[in-house]
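Next up, some structures in structure tokens.
Two complexes come next, and they have one chain in common, chain A, joined by chain B in the first and chain C in the second.
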Partner chain A sequence: MSEPTHVLPYLVAAWVFLAGCYGLATSRDLVHAVGCLSVCQAATYVLLLAVGYRDGATAPVFSDLAPGSRPVVDPVVQALALTDVVVGATVTALLLALVVQVAKRHGTVDPDELSELRG
Partner chain B sequence: MSPRTRLWLVAVGGAGLAALLVAACLDLPRFGGDRHPYGDRAVEASLSRHTANTVASVTFDQRAFDTLGEMSILFAAVLGCVVLLRQTRDEHRARPEPAAVSRPVRRYALLVLPVALLTGLYVVAHGQVSPGGGFQGGVVAATALHLLYLGADYRALERVRPLVPYETGDALAASAYLVTGLAALLGGSAFLANTLLPYGTFNTLASAGTVPLLNAAIGMEVACAVVVLLAGFLDQAVEIVDEGENAQAHDDPDQRGK
Partner chain C sequence: MHHLLPLLVALPLLGAALLAACGRLVPRPVAEGAACAVAAGTAVLAVLLLTHSSPPLTEWVGGWEPVAGHSVGIALTGDGPGLGTAALVSVLTLAALAYSWRSFDEPPHGHAGAFPALVLVFQAGMCGFVIAGDLFNAFVWFELMSVVAYALTGHRVEEARAVQGALTFAVVNSLGAYALLMGIALLYARTGELALARIGGALDAHGPPDALVLTGFVLVLTGLLVKAAAVPFHFWLPDAHAVAPTPVCMLLSGVMVELGVLGVWRVYDTVFSGPGGLPATDAERVLTVLGALTAALGALMCWHQRHIKRLLAYSTVAHTGLFLLGIGTLTPEGDDGVALYVVGHAGVKAALFACAGILLDRYGSVDEHVLHGRARPLRGVGAMVVVGALGLAGLPPFGTALGKSVTEEAVGGPLTVLYVLASAVTAAAVLRVAARVFWGLGPAPEDAGAGGGADAYETTGAGEEPETRRPLGRVPDTMTAVPALLLAGALAAGAVPGFGTAVARAMSEATSAGLVHTSVHWTPLGVGLGLLSTVLAVVLAAVAVGRPGLLAVPDWVLPLRRLQSGHVGDYVAWLLVGTALLGALAFPGVLSG
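And now, the complex of A and B:
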């Protein structure tokens, strides 16, 4: 394998993260901003799964695979990615609920227009 | 700050972050490499406890305490959504009118609903044996119910998901996880340690000790949580309407801050 492909998946994760950050910074709509945060989070899935990958390996499930017969990918990072997905989904739901309330109270979802405090 | 200055600031900060990330990526172990010390040990521990699905073993046995924290985040997020999306005093409910559903959609939804529900329960039940588990199966089962919204109408969905049992189920499942952890403590070992039940026969449903119990608790919690979450958002979209016009409620000082 040539050298660049050794780091390409990690660089993809970094690129996805930065794309999400750019979206967050330039967002004109809170729903869009929440979506961008999810994009940032998707970068961590890519990174975790890339760290756990092993050449020629299969899923770490031994229901139809004799233990030791084939290499398996790292199950620890897969479990971490699973945690990440669940927490990400619920936190996104919570943020969207906040956006619904902001839209109701202020009549706008543009973060630039949300400058005043209102009890 | 003008949008232009902000964009410049983002560009400078982003370039710095990008440089750091690239430097970090270049220093990471080779992609697809053969050295996974934690993975190899996790597989060993999983096999010694007769768990065929190593990911389930990591989640519910080796990292069961972390999963408790994750479950708490899930629980807190659902609680937050229920509080934020509740009906406020200046809103009222309008009964949604049943909309016409084209016959193929109706037929397909009603045909797939029981299959999807069963698939969800299967995935939860076989979490310790095959890929899947409580988190994934719970989401499948909960979203299966919502096929009724696509195939019939909102009122049909409301009839199969009275919210109180689902909210109670969410809380009960969270407690069941804690109780299983405490039972290990009473059994004379550490909190959430997998020592309570025999490890059973490898690759059968009765294997892996307490993993199936914790898995079922999480499955139930996730299913209930997703139903409650979607109900909150669907209520906002379908049922709840403002009393007056939006602008009026917005400008009226009496309406502020309620």
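And now, the complex of A and C:
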């Protein structure tokens, strides 16, 4: 594993994550909040792909590529990112279903008006 | 033997798939009986594997064995703590399923298998997490158990509060999980390894810790501590526990929260404890400060609740703090004590939730004030609540007491006072509830009639929907037998000679390859401290019941109560504050390194 030569992708990942957190903390709409959570998750994709990136390398698909003939990017992080996408789809779907139910039961999707559970 | 390891996950998953597919075709007793059989089978398997866990078992899934020291396969590790926790998870799942047999309303036609199937998936996720041998797998199981936990928390979708609590739980925990994943990615970037022990070795080979190791540590710990509900990551827990169905509460409080503690212990021990990780003094500082904060705030908030399920939820927060203090000693004695404490706590806390569930289904309320004196006919349940409270206080010979006494001696110093106080206050709150609700002692609270009089920042617990179709006329035998058995188990964990030593041996095999043997036994000091906190709990409860004015809510508690605002945005902000706090506490190690 070579030391990362580019810092930019890492900064982007941190920025996207914090932007998502800011959106979550100040959200006035639960659908928007779920979207912000997806933004946070997008930061993990950026980070994972940045970790596995190699200069001048190609995709790790060996169907038309003799093994060892040219550098490829790290396939492990791509597998991780793919798993992460699947996990994220599940979570987002469940969250949106819960938001629909909140809208039905409370008649609002504004978190400021959901104040039944306090103290 | 190690080939059986994946079955711990596969068995409940297969059972869940079967129930999801065929549940609608069979009558309800068959579906629930099958779920119980699967949970029991997994428990037997976990115990069987546990007897062979020395040396720890390793299984490469699908036969992808390492070649020339390099592995691309998925490793499962079955050591003492992992398999022991898997056994605890399975036993508690069985208890929750047996409890839900009669407590739950007849499910809608065509969905007989849905709830038990979800519980089995939950069990599979937790079992997978404890036997995961690499960090990414641990993340995947972590997410699986979380997603099922969100769904189970919001199981009663018709209820407004249930969906709100589940949503908060889901947002906060998912954010924690993404922080965990970012930490894992950073560690992979540095080491090129995902297996726990190999990451540790590669970090040590790289040299002293730097900013990247610190960031990885902080992010990984954020994810795990959100699950463990350490202050200030704990806000989701009372909301989720207040609204989740009772059998789910038993699992959430009994084992899922403790899995976060187990994760913290395992990650520090195998990844960060070497010279390339975080210095021991910094890890001690992080865990001790957070543990002390968690124990103090949890106990304080627990005392000021009138919603019985929330009260028990805060009691779990307080005990998590005690567990963190224990593993923060970084000594084998601390680890052994916490392991025993967790086992005893799981039995006691699950039993107490089960008793709260009986109140909810019988009277349609879990508000201490409204229920004042109403549960007099339920003498047996009242007795169980009192026994559970004594177990929380650490009355010998409960398993909680033995674990607590061993941990207290490992912790030592002024923190022992916190141990005694936190366990006494949480137990006193439960005793107070028992005295008022089951015996009608003390003056009736002024606002006992309609649930009015509470300030806007209080969740009262009045007007909750019973989980059965109509309030129970008679409490079914399964609902009383389950808490009784759980309490007996918690008692046996401390009273049966040799159990503590067996736990200590299982722990030492995982930490020091069996080289360091610790003995777990009762000491005069431990017994004395256990008795002290029990007496303190009884006195506090007696004062609270007899002279409510003396221990009324002081003004300085109100701001603390306002922090629990029910607003998901606030909780996310606190999560970020917690992450920054973690970084600040761990930072000196990087400077000196």
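Criterion: the second predicted complex is superposed on the first by the 111 of 119 C-alpha atoms of A that agree within 3 Å, B and C clash if a C-alpha of one lies under 4 Å from a C-alpha of the other, contacts with A are read in each partner's own complex, and residues count from 1 in each chain.
Here is the rule we go by: contacts are C-beta pairs under 8 Å (C-beta built on N, C-alpha and C of every residue); 3 or more make two chains touch, one makes a residue touch a chain.
Fair warning: this is a prediction, and the values are worked out from it, not measured in the lab.
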First (chain B), second (chain C), both or neither touched by A:T90: both
Which partner reaches more residues of chain A (counting touched residues only), chain B or chain C: B
First, second, both or neither for A:R54, with chain B first and chain C second: first
Chain B versus chain C as contact partner of A:L98, first or second or both or neither: both
On chain A, the residue positions that both chain B and chain C contact, one per complex: 1, 13, 17, 21, 25-26, 51, 76-77, 83, 87, 90-91, 94, 98, 101, 106, 118-119
Partner chain C, residues of chain A touching it in the complex: 1, 4, 13, 17, 21, 24-27, 30, 33-34, 37, 40-41, 43-44, 47-48, 51, 76-77, 80, 83-84, 87, 90-91, 94-95, 98-99, 101-102, 105-106, 111-112, 114-119
List of chain C residues in touch with chain A within their complex: 72, 136, 140, 143, 147, 150-151, 154, 157-161, 163-168, 170-171, 174-175, 178, 181-182, 185-186, 188-192, 194, 238-239, 242-243, 304-305, 310, 456-459, 561-562, 564-570, 572-573, 575-576
Interfacial residue positions of chain A with respect to chain B in the complex: 1, 5-11, 13-14, 17-18, 21-22, 25-26, 50-55, 59-63, 67, 71-79, 82-83, 85-87, 90-91, 93-94, 96-98, 100-101, 104, 106-107, 118-119
Chain A contact footprint on chain B (complex, rising order): 6-7, 10, 14, 17-18, 21-22, 24-26, 28-34, 36, 38-39, 42-43, 46-47, 52-55, 57-59, 63, 66-67, 70, 73-74, 77-78, 80-81, 84-85, 129-131, 133, 135, 202-203, 222, 225, 229, 232-233, 236, 242, 246-247, 250, 256-257
